[in-house]
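So that you can tell them apart, the chains are marked A, B and C in the order they are listed, and the count of residues begins at 1 in each.
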């Protein structure tokens, strides 16, 4: 079944015409198929950031959406390109861990994309987004049977999920990412926290879990259940990242 | 009547997948409705900048366009979300002043968006763009009667417009905003200026109103009637903001 | 014949609503015509960067695509706006050299866009993207006969192409541009290099032409045939621009 739309996730940024050129290929080969930019602002080569962005995004797209993910430091080497089908969506991505953290989506079918008839010619060494991913996505969107992509495979690269550590008095997590507002997204879910716990970061008390930003005064630190289901550390109407000098990987503790 | 398109205005930036996720919801619930990005580059929580960007943009969109505006420091609190209908367009926005400065558009119908049946579930504390604005926009785009959004209301939050001050020899305005090129947009219209007036900023003579950039030598300061109808201060082929060390709120005088 | 799509190339950035407003005009006047963002990240007024971005992009778009290019330091002056038709595509651009470097595309028909009936009124001094380019593009996309744009003209402004210099032992090129990853794009093609040549930049050996990034260790310098057909200097999983302190215009030598 052809996808109802194509969602693009890359580290290409928007200053260069890379994303525009991918869309040119899609417009030429699959006109009329909706194309949505999930984001192109993944930090260069940051596969973990891409995997996390994908995790929090896919549940909101229509069934069958094809996610085309190009964060690909191994481009041009013999790393595989995978097509994967889950219960709800389908994916094209390099086999580098990018598909590790899909939420509630068990991958049911994996194929190595090897059918060079589908690619632009010649295939460049550096821009498989244009030469491989876009034309393959266009072919799938035009109804290509996925069997024609290449052989089934049974394994894919996996990034380990950073599981919170439970101590006697505290649960310890880490900061996974920051958003544009400077909010720090952790690997802790509200269910991980001891009842009535307060959050701590670099020795500073961030308080208990609040229900919304305006629950503290302007400029106050707070913890919230963020929109991706994880606890976030924030400053009301401010930037936690800057205010707290926080970094990815920082420890965050939840103490009773 | 269903809108001919949806225009998105947010402070979400494009690095995170927030805008992409909103578009995923729209693609799932209102496929085929055109979605235009007005801008997602509003500075975080800067409702004034958003109100000004909206003012200069709406006249150029087709009649009936639904503007979905999410610059929303009060997200998750009890601030209202409004739907508003003007003579030409319709709007969804938090009730924080964002709709204060619409150009030539009297708002004729205001409703508080309270019908939770239209929202995603559960509604997060921090991302009403995804959980409220996008599904409500999709419903309107699919023909929902606005009466079903919630009750009519009669007032909305208003930001005061910074009116120029007229003295005996001069008119005094302020810098409202800068654009990407470093041009300073003021609150003065060409009609506000005394005949033959010269503009001044921080003691520097910016000269009289010019007809186009190339009316002064490269590197020269100039004043122009900008594209939004307000006087702008510029440097030919340069960046006024940087060159003049200018800031939002700076006084700008027009003297005969 | 109406174009199958419109591709936009500007230096407007995405922080201001300029691009969004152009799309509003297109949505109002040519609903249903696909609009693709090629890029809006051209540095302000950098016509050379725009010409180079256009060169590497057009071949991948469907036949007949209308490229609307607005990098226009002369806006509001008497510089001409041109419509051009090549063998495969068509273009709207200011007559400032932006169309100089189209790849494999001989321009067959040039017209000065002078028919003010097609423009928004009044035409502003600073935003012809909105007032001229967008409505003219919409008219062409709706089937306007290009003869109605204005008179045929026979010349256009040209930027000289920086041709590599061939010496006895070496070929000398320059860095034309950097991409988002910090890769330096030169004016040398693989065919320009002496057999087995090694590349040098500021005295540092970048090695011979490699087949892909992973051909050197992480952090290593390398030269590659880039996706636009030119030799690029890179750091594996790094940023050559930063690492080598490289600048546009830097000499790059290929020595046997």
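Everything that follows uses one rule, which is that contacts are C-beta pairs under 8 Å (C-beta built on N, C-alpha and C of every residue); 3 or more make two chains touch, one makes a residue touch a chain.
Worth saying up front: this structure is predicted, and the values here are computed from it rather than measured.
Counting the residue numbers used at the interface between subunit A and subunit B, under half appear in both copies, so the two copies meet with largely different residues.
Rounded to a multiple of 5, the Cα-based rotation taking subunit A onto subunit C is 120 degrees.
Between the CA-based centres of subunit A and subunit B the separation comes to 30 Å, rounded to the whole angstrom.
Residue positions of subunit B with contacts to 2 or more other chains are 14.
Those residues of subunit C that touch subunit A in the shared complex are 4-5, 7, 9, 14, 34, 36-41, 53, 56-57, 60-62, 65, 179-181, 183, 210-215, 224-227, 232, 237, 239. Residues of subunit C touching subunit B in their complex: 12-21, 23-25, 27-28, 31, 44-45, 73-77, 79, 120, 124-127, 130-131.
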